[in-house]
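In what follows, structures are represented as structure tokens.
Two complexes come next, and they have one chain in common, chain A, joined by chain B in the first and chain C in the second.
After this line comes the complex of A and B, so read on.
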């Protein structure tokens, strides 16, 4: 087992105007200095509320969005800077699943086309018979039958659509899968089925996975390691069980429900914090003191379980 | 199939087709349907009022007006389709590139569109045709080249909303080429409103050709087009009303047919309006 994906000091900033007429542009730090490693066949769960930069991180890694700074090493290559030809040959090693199965499948294509498109892009050819048999194989992977091949997305339920999206992402047998909130838009009963499908597929096909969710229980269930993000920064990371047994960071404790939100103000608009020094979590932290307002905490801790909090200084 | 069922339920579109389908037959089978040779003069029988052998009367050279109107439908339908076809191809391509790539490309293309829209189109066409030989092909090309701007704006707007949908992101993540993403994923989802605008545009193009022919710089006699029939008719309008009436009705019906069909299509292709009672 080796390191499959290594992200270091990744940054992605957006410039926005508060209103259409404001002259001053402001910077939103969607991903702000994120570093982590992912081993082969391991699952890293990323947790955080909406706006914490989880999806932006996934999109930068999958090259759907350019990163402003930092490095991503994927299968030993400098992924953000490899020539586009080489990137094309590596693409099939990286699958991605999106949150909303109602918009992630092209409404005008049949399932057979949807699933075989990544294969076609890889092979650069379109041998119908071969593609069709591979599409059937991919459908069987996700527990659907051959009779789905000629269906259109609108003829299927949300759970079935998400299975199709999974089949598409896995049709090239990638070594790495990005799942961006894959169950958030599904019914609770269907969520469980899809999660079990993920576990089953991981066992059979053994791929590494970046699993993004705002639901801690799901992340805990599926992940080997967990990373907690807030405002584009990593608040805490480590082995899943450690994080849930002994969360170091006040934000993690808040998410796990160990600590009531108390009198701390709840979510504030993302912009309010920009440019202020100190800890990004300051305004909502129940354990803040005056150092937190001036000093930026760094990730530190014993072994692999680390947190970015001044209160928790080893 | 669903499209056909909806089409059958839509009264506007049906009325449009009821006018246009016979019009197509007329154009295709003009040779069989016209009772006389449309360009053969008959000096013994000029400006004859409608009668049994000449239902629409004859013109100042004794030619059968019905036959000329029947042959004129070929010109009108051809002009409508070819010029709108040219406009649609240009409009869709420029709109797609503009919307998908954005940034500088978008800015340049859209300023070009603004520029083209600033010209009074009809006078632009007049000026261009004045320098070229007035043939039907030149007219179709010029009408096409001056009427694509609306379509390109429409396509651009559609693409802006589609290009950030997750299925497009998925296609990019699969490593498909930009051309493949545009033509295979985005455009098929963006074209419904284009059919509507193009259909309405055919009516406009037919009117433009008629106007040009009326002014004498369109289709040249002896070839009959509805526009030049009207132009020749105006000299004798006091004594031979049938010369102006029948080509006029033909233009009116055809343009009306395309407008009805276009309105109907916009109901059928827009799922939000599809279920409204009509």
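After this line comes the complex of A and C, so read on.
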């Protein structure tokens, strides 16, 4: 097994004005020095509250958004800096699924077009027969039949739409799939079907996956490794079972409900804390001490299970 | 038990009329809530849980209509009340909390004034008294600096804080019941935990009852004493919470629990329910769950089961439990 994706010191900052009339611009560190590796055919789950930078990270990796600094190595290539022509040839190796199947599918296109677009980009639009047969194959992958080819998105339920989104993402047989909250907008019973579908497809097609969700139980069920993010930084990372059974970081323990979080403020990016020295979690941490205010914890720990917390430094 | 009843909904049906066929959003729903009790109503989208709540408050949107049923609340049938009397009940005797804290607050009014408004309307207090009580309430629901918060606008608060304001409005007139419709769905897990704890403590310190509507079974397990499961407008199971999570009776309830990693009996895969929820306008014959049911019998395709008491305090609408 080789390393498929390697992210190193990735940063993405936004400049915002606090109100429309503010003269001063302030910086929100959406992704702040994130590094990790993803092996072939492995699933890395990313959890964190809203505003923790999960989606921005995914968008930077998929080049939907430029990163400000850092490196992404995908299939051995310097992904963020390769010439656009080469990126185009690598693109089909990376599939993306978004949260909302209502807005991620073009309402004016039929399923056949929606699914074959990524294929068309690779094969060229002249290969009509090939595209159609591949589209049918992709539909069968996700448990839908040929009769769906001529449907429009509005004729389908949320679960069916999400299946179409999965079929589209996997139509090029990518080695890497980014799934950003793929089941969050679905009903419980449909959610379970889609999760099973992911597991089946992964077994059959063996791709690596970045699975973003705020639902910890689902992430635990589906992931090999888990990464916990807070305000753009990795708080803890390691094998899924280790993270959930013996969480190191106070934030992870809070998320998993092992520790009550008092009446702490929410995780929505609070500007005052941006760019300050010390741990980003300081203001909410039940175990903070004076060092936490000045020293920035580095991700460290025994083996592959590591946490960014001074209290757990080896 | 009967004396202790605060609310009893009997044979409630709410239909949407006007199309080719009426859409039966709520059909023959019967349940009760005792004083101090927390009743959880679960189900997937479109199962009628929100319409049940809106029917209780007689706020069903047009062209919906309550076709049948009695809603006995504090010994009065709400169906017989005039609009004016009903307004005294809403907000006065029944507090309401909705899912979207941003859209249920008026964006151009100070949050304090929105609480005061309720107090002035229902309790007839003076503006000054209302302000004092409002500040007190803001503190009670856990907002810092309540005297300053009073003058803030909804956009200055985070989602969790807004939900706290809604809770303050809901409890402002000491209602005997609160209806909370997915109050934490838009919030992060950590904030959800805070809001649930706030609701728990409010109930614990009064004899307020709670009707909690959610699709999240974790929350039901945590907050409710009894649970009702709805599917396509019908109540399919009603049970005490402990028994329900130990042994769900209706095949749909079993399927719901199995769809969640924490409760599933599957290890490598979830035991998902096949198919999807049918549209209310195209309901299958017989038991509406029969096309998805693993225990389907001939009878289920043509006949509709009645709600029967399968075990003590446990009601289920399924032929498996009818001898």
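Just so it is clear, the second predicted complex is superposed on the first by the 306 of 314 C-alpha atoms of A that agree within 3 Å, B and C clash if a C-alpha of one lies under 4 Å from a C-alpha of the other, contacts with A are read in each partner's own complex, and residues count from 1 in each chain.
The working rule: a contact is a pair of C-beta atoms (placed from the backbone, for glycine too) under 8 Å apart; a residue touches a chain by one contact, two chains touch by 3 or more.
Just so we're clear, the structure is a prediction, and the values are computed from it rather than from any experiment.
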Room on chain A for both chain B and chain C (clash or fit): fit
Partner chain(s) touched by A:255 [first = chain B, second = chain C, both, neither]: second
Once both complexes are placed on the shared chain, angle at chain A toward chain B and chain C, C-alpha, multiple of 10 degrees: 80
Greater chain A contact set [chain C / chain B]: C
First (chain B), second (chain C), both or neither touched by A:191: second
Contacts of A:118 with chain B and chain C, given as first, second, both or neither: first
Touching partner for A:88 - first (chain B), second (chain C), both, neither: first
First (chain B), second (chain C), both or neither touched by A:217: second
After superposition on chain A, the shortest CA separation from chain B to chain C (Å): 14
Chain C residues touching chain A - in the complex, by the definition given at the top: 44-45, 142, 158-161, 188-191, 193-194, 197, 215, 217, 255-256, 258-262, 268-274, 276-277
Residues of chain A defined as touching chain C within the complex: 49-50, 157, 159-160, 187-193, 195-196, 199-200, 214, 216-218, 220-221, 254-255, 257, 260-261, 263-268
Chain B-touching residues of chain A, taken from the complex the two chains share: 59, 62-64, 87-88, 91-92, 94-96, 98-100, 103-108, 117-118, 121-122, 165, 168
Interfacial residue positions of chain B with respect to chain A in the complex: 165-167, 169-176, 185, 188-189
